[in-house]
Structures are given as C-alpha cells and as structure tokens.
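Two complexes, one shared chain (subunit A), two partners (subunit B, subunit C).
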Partner chain A sequence: MSKTKNHILKLLFENRNDYLSGQKISDEIGCSRTAVWKHIKELENEGYSIASVHKRGYKLIDAPDQLSEARIRAGLETERLGHRLVCKDELPSTQKEAQHLAEDGAEEGTVVLAEEQTSGRGRLGRQWHSPKGAGIWMSLIIRPDIQINKAPQFTLLTAAAVVKAVKRATGLDCEIKWPNDILYKGKKFVGILTECQAEAADVKAIIIGIGINVNTDIEDFPDELKDIATSLRIEAGKTFDRAEIIQAILKEIESLYKMYMDEGFHFIKLLWESYAISLGKKIYARKTNGDVIYGLAQGIDDEGVLLLRDDDGHIHKIYSADIELSSQ
Partner chain B sequence: MSKTKNHILKLLFENRNDYLSGQKISDEIGCSRTAVWKHIKELENEGYSIASVHKRGYKLIDAPDQLSEARIRAGLETERLGHRLVCKDELPSTQKEAQHLAEDGAEEGTVVLAEEQTSGRGRLGRQWHSPKGAGIWMSLIIRPDIQINKAPQFTLLTAAAVVKAVKRATGLDCEIKWPNDILYKGKKFVGILTECQAEAADVKAIIIGIGINVNTDIEDFPDELKDIATSLRIEAGKTFDRAEIIQAILKEIESLYKMYMDEGFHFIKLLWESYAISLGKKIYARKTNGDVIYGLAQGIDDEGVLLLRDDDGHIHKIYSADIELSSQ
Partner chain C sequence: MLKIQEIKELIKLIDESTIDEFKYELDESKITIKKAKPEIVQAAPAVQSVQPVQPVQAAPAPKSETKEIAAQDESAEAKQESNLHKIESPMVGTFYAASNPDSEPFVKAGSKVDEKSVVCIVEAMKLFNEIEAEIKGEIVEVLVEDGQLVEYGQPLFLVKPE
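Let's turn to the complex of A and B:
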C-alpha cells in the first residue's frame, strides 16, 4: 500500500468517531483533495467501508478483517516493535519464518503475521491449531543485549504483557499458567513460545511466538480441545478487531521490555506473579522425561524457574514441565 | 558416490599400508571381482591414485585433497557425529547452512563442510578468512538435552576436543586462549564459534563452527593477519590430510560430549584448564562495550565464565571479551 494511502487510513482509524474533512486530510498529508478522494476510492475497493458526507468529510465505518500492514500500522503506538511487518495469507509457521529472518539479520521489532498457519507449533514441538482468520498467529523478533541464561525470562515478560494487552483491548481479565499458557476461566486461549538464538553466552535474537484464539468458534476446535480451549469471542460473545489486540500487545511488550532493560527482572517477576494462577497451590508437574513431581508451587526464581516444594520440604527447580492444579 | 564404491574406498583407506586382494574386497562387499575392478577404475577417474599388482591386489597411493563424503567416511570412527555429511564446494558460511538445517530438524551429528566460504564468520560477527581448499571450514549440529545456561560450556568442550584432535592427527601441541581461540606458539590457527537454538529454557540445538588453517601458506593471509595467524603447514613445514583431522575432531568431540553428558562439566573444565594459556596470568579483557578490565585470570566457573581478579581484589565475571596477555 502506498505511504500516502497508509497515512490516510491511519487518520481515519484515529478519528473513527468523527467525520474528517477532506481539507484536513489533505493539509495533514500534504497532497491535493483530489488525491485524497482517489485514495479513499481505492480503500473502498480494498474492502474498507467509508462514509462520505458533503461538507463534513469522511468517516471509517468498517474495515476488512484482514491483518494487512496498513491496518496494523494505523493506530500502532510503539517506538520500535512492529515497525517492520511481514503479513502473509498463509505460512507453515510464523515462528520458523521469523527464525530465518532473524538469522539473516532482520532488525529488532520485526513482526511476522499469517492469517493461517499450516503447521503452527507450540511448546515442545506440539501442534498449534491456527485456522484461517480466526486468531492472531504472530512472531516478534527482539535483540536484547543480555546473556543466554536470562533468555527464559522473556517467556514470563511476554505472558505478563499479553495479559495486560488483552485487558486493555477487550476488558477481559485472564490468568497465567506457568510457564506459557494464558487462560480465561480455566480455559486456554493463548500460547506463547519463546525461542532464542545465541552465540556462546550472548543472545543474538529472541523470537517470541504468540498464538491467540480471538474469533474462533467452539465448532472450529478439534474435539480433543473443545473442553480445554476457548477464544475471546466464545467468552465475550462478540467479535474482536485482531489488529487492535496486536497493537496493544506490541505496545505492552515494548513497555515491559524497556522496564526490563532499565530495571532488571524484578518488576516483571512481581507483575507475572500477580497474574499467575498456580502459585501458592498444590500442583503436579509432569517433566518432559515423564517424571511427575507433586508439591506446593512456591514461586519462580530470578531465571523464571518454577520452585516446587514437595511434602518432605525439598525444593525442586522445574525448568520445563506441564503443570496441573491438584484438586486437594 | 555409490554405497559400494564408498565401501571399497573405506577398505582401501583402512589398509593403506598393504595390498588388498580383489577377492578379499569382493568377499567383504558382496559383489563380483569385475564390479570391484570397475569401481576402482571410477575412483582413479575421480583423482585417486591406486596401485594394482597382479596376485597381490590394490593399494591406495594417494587421494585427491578434496573433502568428499566418501573420503571423510573412510576412516571415521564415531558412533554418531558425522554420520550425515553435507560437503559443498562453496558456501557463504557453513554455520548459516547448519543453522537452517538444524531449524528444519537435521539430526544430531550432521556436519556441514565447504571447500571455500565466501562470507565465513567468527565470533561477534567478525569475518573469517576461508580460502579454497586450504583449511577446514565446518559446522556440526548436536542436540544435547540440557538447559540453556549450560550451552556456553560447549565452546570450552569443543576447544579441548580440537586441541586433543590436532595433537593426535599432527603431533603438534597447541594452546587455548579464552574463550575460543586455539594458538600454536602464540599465533592463532583455529577459531571456534558455538551457537545455540533454544526453546524457553531448553536447548534444541548447538551448532559448533570450527575453522582451521591447515594448509594455508603465509602469503594466503591478508596483511593484517600475517603476524598473528598461522597454519599447521606453516608451523610443521608439511601438508596435512584435512580429512584425517576432521575425523579426529569428530571422534574427540564425541568422546568429550559423552563424558559431559555422563559426568557433567567438571572433567571438561579440568581438561580445558590444562590447555589454557591465560590462566594464572595478568590479562586485559576488552569487553564488547569497549570497557577494559585488567587483572589476574583466576579461572573459569562452572558456566565457562572467565573470572578476573582486579588489583583491588574484586572478582569480575567476564562473559564475552577479547583478552590480551599483559607483558607485566
């Protein structure tokens, strides 16, 4: 999309509740009113519904539910994150695409989005169901100047940012299940996968994958997920604008990332703990090797490791596991 | 190269000092003596020099100095490392190729080799001079089941393995300069670059890049390297068989890797320290941000971090730096 058309779209989005005069647009952009009119016509052809009223101007009525670069850029309030957007109709996996881009030197803040993932994946190589247009399937590249042992902290940072962003964009209060699931009333609707590329002890890139069931209907889920998964639309009974949620997420990640680099992990940890459901409860932790440890989830340490106190008082450090709340 | 021809070549290499009868080869391989003869002719066409003596058989006189899969496989004594070999005439960088392969699921032990790298790189994105046929430019993929904070230990493991392998294949005693250079009489001839792909706290792959100046001549080096770099040929005054060195390296890495997984980092650390030149000496450490710290190199910790004691007795943990021995 041309830069001018992009800019017009951004103005229309920012003034969705008002009519915006052609003169005002042309002054702001620095082009003729005829040019403005031509761009408006083009936007209409692309699926945007724009009211045009004599002597009042233009007003955006409806936007196509498509994650175009222009749509996300219009209303994006970040300084760096999302300033390069790679939007695709279909990708095997946004995460893999972002990994390749990161290796080839893509700058910090690059975001990869797909309407549909044909082999979306979650933690531990698990499949992630990513039907077309129903959710947000995105991967973000950041390049913090940190040591490799700190990288897992970005899983927690991201989870806290997504909870904040969902609250801001939808009003819904959700919770974090260690390490990387976000639940609403006990059902999962967000998965987070952070991957790291490092050279010796230095982090070169962290690729943050976020999958969110936004407008998924219950019948869209495979049978085995129907009882444990949900979407924002199922919970709130209405359709959400995915672009607004993406904008909110990038904004919140940017803000926590800045806080992290300035002040360290401490505040992120406090914030994360305030959203975590499992802390202070008895849980089962099933490790990747199949071992199950039962105990009290005491907290996380400064590297994001879950600390589990078993009945003998022994503290287990849980780096990677699936956890389940005990009914006890 | 066909599997049978590969096998014949392997037998010839293993019996380099003797004549091997056509009958023995055909029995071992399970093909006719005529088929053996045909394969021998093919090998000769590919540049192998093979003596054929009536009633005695075949003997390998000389092999082309080319890093073919067959050449490396013949004499490779590892259980897993190097069992998939990707040999190319030219690559921008073996490390980048291996990274992409690792992301696409390449199995542990996959090795990428190139006769020439057009944009070979070392630590911190620095260029690595890799002229055609003169050295070993290789990258190895391993997939240890470890946590991310342990990954930097593999830089040290690799350095120790390469010192052992060079000793075994060439008889030369060399030394390690923290973190990843290998020197002979103070001049660098090996660079090691370990990169890691991780998911949250779990390592998915470590890609070990090794660059060795084997048969480089002094005039092959750019001017700025002539005083600080060397090659095995320059030092020993003779040409070395690169395939043998590669085989020795894979063997030594495999052996230390097994020890590491069975017994932990302790023995690797002791071995590494026994080869390190800088320990116990006064050094300057120039960090990537430009800061220089001067002090006594006390040792490394269990994560491979260099411990530097300054004149006030304060211990600095050095994660990433260039070090220089002080003349004091």
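Let's turn to the complex of A and C:
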C-alpha cells in the first residue's frame, strides 16, 4: 500500500465515528483533494466500505478483516514498539523474517505480522498451526542492553504482558503455565517462542514470537489439537478485532519492558506468579532427555527458574521442561 | 608463569643434560622435574596448581613405574588440550545439538566452522539462543550430549583454531 493511501486509511480509522472532509484530509497529508478521492476509490476496490457525503466528507463504515499497517497504527498507544510494522499476506514464518531483519539491524520495536504462515513454527522446529486470517502471528524485535543470562526472563515478561493484554482487549482471564504457555480453562491458545541474538555474553536482539488463536473455529484445528487447544472466539462466542489485541499486547509489553529495565525482574516475577496456574500444585516436569520429575511446583526463583520439590523434599531447579498438571 | 611450550623446552633440555632434578617456583606456581632411575621425566600436569607438586619417587617397583607413565600421558594430553579453543556456554540451560530432533546436528567432530557458524542452541525457560563458534577452525570434540543441562561457562566444544 502506498504511503499516502496508508495515511488516509489511518485517518479514517482514527475518525471512524465522524465524517472527515476531503479538505481536511488533503491539508493533513499535503496532497490535492482529487488525489484523496482517487485513493478513497482504490480503498473501496480493496474492500473498504467508505461513505462519501457531499459537504461532509468521508467516513469509514466497514473494513475488511485484514491486518494493515494503517489499522494497527490508528489507536496504537506505544512510544516505540510497533512503530515499524511489516504486514504481509503470507510468510513462511514471521519469526524467521524478524530474525533476518534483526540481523540486518532493524530497530527496536519492529513488528512482523502475517495473515498466514506457511511453515509457522514453535520451539525446536515444532509446527505451529496458523491458518489464514484466524489469528495473530507476530514477531517483535527488542534490543535490551542486558547480559544473555538475563534474557530468559523476557519469556516470563512476555507471558505476563499477553495475559494483561488479552484481559484488556477481550475481558477474558487467562492463566500461565510455566514458563510461557497461556491457557484458558486449561486449553492453550497462545504460544510464545523467544529467540536471542547475542555476541559473546551481550544481547544484540531478542525476537519474541507470539501466536494467538483469535477467531479460529474448533473445526479449523487438526484432530490432535481439538482437546488441548482453543481460541478466543470458541471461548467467548464472538469474533474479536485482532488489531485491538495487537495494540494491547504491544502496549503491555512496552510498559513491562520499561519496568524491567528500570527496576529489574522483581515486579515482573510477582505479576507472573499472580497469573501462574501451576504454582502450589503437583506437576510432572518432562525434561528434554526424557526424564520426568514429579513434585510440588513451589515457585520460581529470582531468575525465573521453576523450583520443584519432590516427595523426598529435594528441590529441583528446572530450566527447561514440559509441564503437565497432575490430576491428584 | 611458564607456557606449555617453555615447559616442553625445559623438559627437553633437562632430558639431554646431566641434571637429575630441577625445581622452579614463581608466585603460586611450582614445577618440579626429576629424573627417575629408568630415565622418566615428569612435568607437573597442572602447571597452575597451587598445591605443591609431588616429586616423582625414584622407586624401582613396577607398580610405581606404570603410575609415572600414566602421569606422563596425562601431561601430554593436557599440553595438547591447551592448544585447543573451548566454546563455552554463555548461560545455564539445556544444550541442543540440532535445530530440531529430526535434524542433523549443527556440527560434529571434524566439522569446519567459522566465526558465524551456529554450533548449538542453549535454551532456558523457552528462550532459545543460537551459539556461534566465534572462531575459525575445526571441531575436535563435542563435550556435552544433546538435551543435557549445561552450566554457565561450561566448555561445549573443543576447536582446533585455523
């Protein structure tokens, strides 16, 4: 989309409840009223419904359910995050794209979004089911000035921020399973994949991948996921505006990120704990090498490491594992 | 502090000389080289050790002799290792040799790497960090196993620099 058309669209989104005169648009953007009219016609051809009333101007009636730069920017309250938006119809993976952009020096706050991922991935190359238009498939680049051993705390920070954002945008209360799975009534609908680019011990970039099942229907899930996965629409029984959720996520991550840099992990830890579903419960921790430890999830330490007390009273520090809640 | 190369040279010189015993002390490091009866030369395996080095006993018993030979081997190994570069883990976490369980490992013994080559992934709390070799050379040994928990600063690979 051309820069001018994008700008017009952003103005229309920002003034959704009012008519905006052609003169006002042309003054704001610095182009002729004829040019404005041409761009409005183009937007209509792209599926936007725009009312045009003589002497009053233009008003956006309806927009295609598409994540455009203009749509996300209109109403975005952040200072830095999301100020560069890369919106694509289709990408193999937003995370891969963001990795490349970060390597090429993309500034902090750059966000990559795709309507559809053809090879969306979770951790360790696991596939992430990301059908067209149904969810939010995004990757965010941040560049905190920290040592690499602190970087894992950003997975907990992101999880807490997403829970807050989902609450703000949809009203749903969800929970976190250590370290960063987000569940609603025990079913997963958000996956977070965080990757780090570092030089020796210094973090150069953290790339936060967030996948959210927003308007996915139950039939859209592959059979093996139907019992364990859900979407916001399935739970709330209505369709959500993805752009509003993205705006809320960027806002919440930005504010927790700022808090982290100013005051450290302590507050983030408290917030994370308040959303954690697994703490104080008996859980199974399945480690990468296949070992399973059973015990009480006692809490997390000041680094974010899960502390698991087994039946002999021995405390295990869990750095990586898949957590299953015990039914007992 | 003496370098391995210098110790090597010392051993060689003493070996060729008529000196039976040689001691060297500087600050906290000590080195004792003593010729035993069946002409065995020993260097302290840990040069930087703060503990005084046990002088080699010139015992003719066969048991003791094998011990001395073993010690000799060890020191040779130590010398060789010191020429190799260690790639260390920058954080505590799980070591992954490949990008996913079905893929080939990033590197194995014999792989050529350069500064930018990814050699493994270390993960903690689902933060994945691709570790780059940061040196040009050849992987001599992979020191840890896939899925193993590694500590901060733990050597992961030995690399022969080019």
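By our rule, the second predicted complex is superposed on the first by the 272 of 328 C-alpha atoms of A that agree within 3 Å, B and C clash if a C-alpha of one lies under 4 Å from a C-alpha of the other, contacts with A are read in each partner's own complex, and residues count from 1 in each chain.
One rule holds in what follows: contacts are C-beta pairs under 8 Å (C-beta built on N, C-alpha and C of every residue); 3 or more make two chains touch, one makes a residue touch a chain.
What you are looking at is a predicted structure, and each value in this text was computed from that prediction instead of being measured.
Aligning the two structures on subunit A places subunit B and subunit C in a clash. By the touch criterion stated above, A:A205 is placed in contact with neither subunit B nor subunit C. In the superposed model, A:A161 lies in contact with neither subunit B nor subunit C. Touch criterion met: A:E103 reaches subunit B, while subunit C stays clear of it.
Once the two complexes are laid over each other on the shared chain, residue contacts for A:V111 go to neither subunit B nor subunit C. By the touch criterion stated above, A:L193 is placed in contact with subunit B and with subunit C alike. The single stretch of subunit B with clashing C-alpha atoms against subunit C, selected from 19-27, 253-261, 289-297 or 307-315, is 253-261. Within subunit A, the residues touched by subunit B in the first complex and by subunit C in the second are 123-124, 148-149, 151-152, 155, 179-180, 193-198, 200-201, 288, 304-305, 319-320.
Across the interface of their complex, subunit A is touched by residues 96, 99-100, 103, 123-124, 147-149, 151-152, 155, 179-180, 193-202, 204, 288, 303-305, 319-320 of subunit B.
Subunit A makes touch with subunit C in their complex at residues 123-126, 148-149, 151-156, 179-180, 192-198, 200-201, 206, 287-290, 304-305, 319-320.
Against subunit A, in their complex, subunit C makes its touches with residues 90-94, 96, 99-103, 123-130, 134, 147-149, 152.
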